[in-house]
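Down below are the structures I want you to see.
You will see two complexes here that share chain A, one where it goes with chain B and one where it goes with chain C.
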Partner chain A sequence: MTSQDNMSEEHLPEAAHGHGGGPVVTKDGHFADPGLPAHEPRRTDIDEKAARRAERQVAMWFLLSMLATVAFIASYVIFKPGPTHHVYVWPIGNVAPLNFALGTTLGVSLFAIGAGAVHWARTLMSDEEHIAERHPIEATPAVREQVFADFRQGAKESGFGRRKLIRNTMIGAMAMVPLSAVVLFRDLGPLPEQKLDTTGWKAGMLLKNINTGEPIKASDVQVGSLTFAMPQDLSEDDEDFQVRIAKDALMLVRLQPGDIKDKKSATWGYQGVLAFSKICTHVGCPISLYEQQTHHVLCPCHQSTFDLSDGARVIFGPAGHALPQLQIGVDNTGNLQALGDFTVPVGPGFWERSE
Partner chain B sequence: MKKLSARRRHPLAALVVLIFALVVTGGLYAALAPTSSASADASQSLQVEEGKRLYQVGCASCHGLNGEGTSIGPSLVGVGSAAVDFQVGTGRMPAQQPGAQIPKKKVIYSQGQIDQMAAFVASLGAGPVVPTESQYTGGDVSKGGELFRTNCAQCHNFAGAGGALSEGKFAPSLAGTSAKHMYEAMLTGPQNMPSFPNSTLSEQNKKDIIAYVTHTTDSNTNPSYGGMTLGAIGPVSEGLFGWIFALGALIGAAIWIAARTPKAKKS
Partner chain C sequence: MSTHEYDSSHEEQIGHSEAGVEQKHLGEKSADWVDGRLGIYNLAKANLRKIFPDHWSFMLGEICLYSFIIIILTGVYLTLFFQPSMGEVVYHGSYVPLQGIKMSEAYKSAIDISFDVRGGLLIRQIHHWAAIVFVAAMLVHMMRVFFTGAFRKPREINWLFGFLLLFLGMFDGFMGYSLPDDLLSGTGIRFMEGAILSMPLVGTYLQMFLYGGQFPGNDIIPRFFTIHVLLIPGIMLGLLVAHLILVFYHKHTQFAGPGRTEKNVVGMPLMPVYMAKAGGFFFLVFGVIAFVSAIASVNPIWAYGPYRPDQVSTDAQPDWYMGFSEGLIRIMPGWEIRAWGHTLELGVFIPLMVFGLMFIVIAIYPFLEGWITGDKREHHILDRPRNAPVRTGLGVAWITEYIILLVGGGNDLFATHLHLSIDAITWACRILFFVGPVAAFMITKRWCMGLQRRDKDKILHGRETGTIKRLPHGEFIEVHAQLPQEELFRLTAHEQQAPTELPPAVDENGVKRKVSRAAKLRAKLSDGYFGPQSQIAKPTVEEHAELTSGHGHH
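== the complex of A and B ==
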């Protein structure tokens, strides 16, 4: 029997069971309160055998949970970790037995506890409807009167309203106490000072290929290619490598000189080789989804798009500044070198950012 | 001899001498010319010749009769045999229609025909050459993973599953791409992919990357630990699955729990 079967009977006011029953329409034309339908017992309420069966079912769920927990511990012991051990499970595909067994058994043990509790509530716990009347929140007039009288008397006895010096100094003292906590925030770390404005690039520093670790010759950078570079004095084994590469990372491209629309950008490069910061000016994601035919660079985080042929101008997305360009030239052996630091801070904007 | 001498002023004498001279020269050349190199040149030029014939049927309408390029197809001078082997060998060329990006499709030429076209295009101007097997096998998987995440993962995704670019362009999934084609793609930079010449990524770097991609995209060597990777494209598909299917199932379960329980009495 589904609830659908009960609909007709349950919602008809004529049935007039429950305490609110009465005529369908009252004299002033409003619908009468039909009240709650009468309580109907479940099979488990009236049939002791059904109740015992439900009890066994609930216990079975809890028992299943226990077994799954034991199975979890057993799989942890039995299966070896590693991708070389794998089995095919339909329809999921190849899985590692350890991960699959741990996930399945833990899932079953948690699910079975929930399923048992729900089945218990639906079959055995009382499902009788109770009406809990709402009580007014407001206190009685007598209590209110007493509270106000007590307050007025207290205020008068303390002299809070009359002795203004005491009152004002007390408010001042209490307002100043939290300042101690604010001052302690200074201990969160050193001030950034000029760190956001400068990078590790200096005049005369060679550009190093991040893959091969070799200095990059201008002739190595071909039209349509993409090369990542870092300062010559930086190494992946350095203690501060992560701190420095977060600002120093460079993206090297070469454009046909005729394709470069921004004159300043062209003179800052070397024969069409342009060096741009790899750090997005929005929130600092590494940005290098380079489309070599359109010369567009996309940021994978929020789809900011920069046009490298036009001074890395922002052409789409939330970034607020063009990608900073590093002025480069070659030394006497043909290796690319920086002619100075970036002239604007790399990465996301900040309050004191100088343009 | 007198007879011959007497006819030296005959109107056809000059012609006879000329024919005699030509036969002698040709005969001497045939007898003395180095035969081996002659046949190699002939087979090479035959490759180019056959390639040109295929090119003129399948490619010339966009790339021009001599590979000079037109308004709808770029010049092929200097792209090299590697570019042809990649573009035609993965079915991208010949293109079905111009668009944001030419997708991979069924390969319609045999490898022999592709080699012939590659030979013809290579004859137009020097460019990257089809790699030999030793150039793209035997890389180091873990070093390759590092290089892949630095140079490739921004577009092709950390698991090589590919990703979207701007205005309909996309970085394709790398699953199932042959090692040779990966090498050629890095070398030549097909379509909007930047190229990674040996000065940027050394030959060993390329081998390592190929080893990593091959290892990662094959579910036999790199099974997914828990199964169901949802495309391994990160939070988008995971969020979609979580919000729609997982949360939907939870809402359904909550409604079922709170639904009216079956009653004993048949009304």
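== the complex of A and C ==
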């Protein structure tokens, strides 16, 4: 028979008013604080056998940690580093054995110490709650008065308020001395001047294919393809290659002349071959996704979309203005060449940029 | 032979007992020595058996502390191998796909750490995973403090310390994953260049000074390195120590419950319980992060290749904690003002400002709430989030905004995984940016009110017992049992503030009173926080007595 089966009317909770002991206690119009409940001992508090079992469990954790540390050192010696070694571990997949072995053993050796310590605290250390009093943080009025009196005395003895000449010159000196530190930062970099307005492109400079390093013939640029180019005088071995390619990178497309909506854009190209800056005008990512049918290019970073058939104007996304176009022609051997620098700054907008 | 053995063990025994006596003395003696110079006994008296209350949510701050320590330990190790230089080298190392490729020394040394230093990859991964956990834990810890009102007097300054730690931690994380100079991190540094350039007047100057010239230059990685390993961690260490000192000094907050008051703290002592629990928890956190680093790859820089400004990978994403700034920049329309020979790049500058604003509201909230409530008392008993519906609603609104921006920051991933158009997701995020937080606020506030009603109902009518009783006339009712005294106390322990009332428009002499605009605003906000539409009056003892006086009275 369970207790529920023989539950009579008197034992129903409603009848046993104030379930949990006695009627409701109130104090000053509130439900009274019954105070900290009595401590309930755990099994390990009263059963020495259970306590000894807990002790063994804690020791097992610490022992496991020691074993894992030995395994860590063994792994360090046994497994070879390098990218070529892989083993399949279910269900994770292919792993580098050294990293996997070191990580798991280190993980176990650390976790086991933690688990042992926490288990020790939870089973064997006293779980009796204690009460500590809080003390107000604010000082007593007497202390406060004393501090103010001390301060006034100190201020008076310094004469700081009375000797205004000292006070003012000192404030002046203290305010000026950090200027030296500010000045020292001047040589962190050059002034912007016109640096952002120009690129490395000059009239007569051939366009070089970024992948092959060869000059590009107008006839090499096919409809539907996207070709990346850089100035002929630029080489990957150059000291300033990264700085220059960050501004000079070009993308070339060929459009059917009839598809070009922007007249000026068409005249700046050569027989439908158009050259645009590859650097997005939003925050400078290189644009790399080309949709052949619509002649849209998309920046993979923030999805600014430009219509190359319409002067590379922005048709979607966070970019603020069109991609600059480089005016191109051909030399006498049919190689594409620049007819000058970009007429507007490439890359992200900035305060001094004018169009 | 046997004599010798006996002798040696005998000696050992003597040695042992002597050492035992010595040791006891030695421990006390050295403690006395230190106390004579540092006065540690007074410190220990106050703290050795210091009481800390127990609640699972109080562990969140510990995760922050421990992951920070893990980051420092692993970070020092990494500096032994990492070369923070943009000098160009050609790779001839063990990773075949990169052989013969030009790269910076920074990138090469990061690859070498991953493939040629035994355990280097593990430490790199632990460092990165710990950073991810660190920022996440700080955010969740901050939510705990926010939603329970633990930031109220006297803890506002500690809230600011915590806020600064979150802010600095995020930026140090950004700089950290920028250091390897791989294709992904370089894209992040380029993004930062664009953001700096968008600032009116000073943008180009700041950019030139920070990068030592035009992007990318040769200075940004070594400069980031110094800031990442020295400047910011140094400041953070100071803030962290101050944060912990204040936690000790203020004593920990606790939830309402029997025996717990504003004037005491109930829990277990630092020594031994919390030394074991908290100390053990450090090893648990470290162990889990080490294990994750063994099985889950993070930032596989060898797969990205070295940075080149004209190349990019298609799924460029920052670490998760920078994702919301990515969302801001992605959903913003490309507004730009061009006039008088100048360009104001609003499409980048506005997100930059909103980014700052989202942080500033966190920093000032405790002071704002303090001003609205006008409450000058110390608070050590935590609020249950439901009992502060407006605060809880504001917090959820902020989180909602954050999540919407995270989604916006991954709009390309959502588009490809959910087969939706990227335009649709971007537009949805643009609209939700304004609508989402408002809706979240209203839903949360109502939800809190509903929970308050449920508490009230439980107090007045008791809990459902599951016992069905048939009355003499055939009606079935479910028997309700009154809550135990502890529950009655716990559920009504919170205080309900009345809205601030403006003084009457005319004073006792019949002169029209001047009420400042600030006072009027404050009264309005106070009404918003504590008016009848924002809280359910908690049941009084009288109501309870009235309802429970007669049996069967409903």
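Just so we're on the same page, the second predicted complex is superposed on the first by the 318 of 355 C-alpha atoms of A that agree within 3 Å, B and C clash if a C-alpha of one lies under 4 Å from a C-alpha of the other, contacts with A are read in each partner's own complex, and residues count from 1 in each chain.
One rule holds for everything that comes next: a contact is a pair of C-beta atoms (placed from the backbone, for glycine too) under 8 Å apart; a residue touches a chain by one contact, two chains touch by 3 or more.
Since the structure is predicted, the reported quantities are computational estimates derived from the model, not experimental observations.
Enquirer: Who wins on chain A residues touched, chain B or chain C?
Expert: Between chain B and chain C, the winner on chain A residue contacts is C.
Enquirer: Quick one: classify A:Ile46 as touching chain B (first), chain C (second), both or neither.
Expert: After superposition on chain A, A:Ile46 lies in contact with chain B alone.
Enquirer: Applying the touch criterion given at the start, work out whether A:Asp127 contacts chain B, chain C, both or neither, answering first, second, both or neither.
Expert: A:Asp127 sits against chain B and chain C alike.
Enquirer: Determine, under the contact definition given at the top, whether A:Gly204 touches first (chain B), second (chain C), both, or neither.
Expert: It touches nothing on chain B or chain C.
Enquirer: With both complexes superposed on chain A, which partner does A:Gly340 reach: first (chain B), second (chain C), both or neither?
Expert: Once the two structures are laid over each other on A, A:Gly340 reaches no partner at all.
Enquirer: I'd like to know which partner A:Thr227 touches here: chain B for first, chain C for second, both or neither.
Expert: first
Enquirer: With the two complexes superposed on chain A, say which partner A:Val253 touches: chain B (first), chain C (second), both, or neither.
Expert: A:Val253 sits against chain B, while chain C stays out of touch.
Enquirer: Just chain B (first), just chain C (second), both, or neither: which does A:Gly320 touch?
Expert: second
Enquirer: Which holds for A:Val95: it touches chain B only (first), chain C only (second), both, or neither?
Expert: After superposing on A, A:Val95 lies in contact with both chain B and chain C.
Enquirer: Which chain A residues are contacted by chain C in one complex and by chain B in the other?
Expert: 83, 89, 92, 95-96, 99-100, 103, 118, 121-122, 127, 210, 228, 286, 288-289, 300, 303, 316
Enquirer: With touch defined as at the start, can you tell me which chain B residues reach chain A in the complex?
Expert: So the residues of chain B in touch with chain A come to 147, 150-151, 154-155, 163, 165-166, 169, 171, 189, 191-197, 199-202, 205, 219-228, 257, 259-267.
Enquirer: Can you check the complex and tell me which residues of chain A touch chain C?
Expert: Those residues of chain A that touch chain C are 7, 12-14, 17-22, 24-26, 29-37, 76, 81-84, 89, 92, 95-96, 98-104, 106-118, 120-122, 125-134, 136-137, 185, 188-192, 195-196, 210, 228, 230, 236, 242-243, 245-247, 249, 278-279, 282-286, 288-289, 300-304, 314, 316-321, 347-355.
Enquirer: For chain A, which residues are in contact with chain B within the complex?
Expert: Touch list, chain A to chain B: 1-3, 5-6, 9, 40-43, 45-47, 83, 86, 89, 92-96, 99-100, 103, 118, 121-123, 127, 209-212, 216-217, 219-222, 224-228, 253, 286-294, 296, 298, 300, 303, 305, 316.
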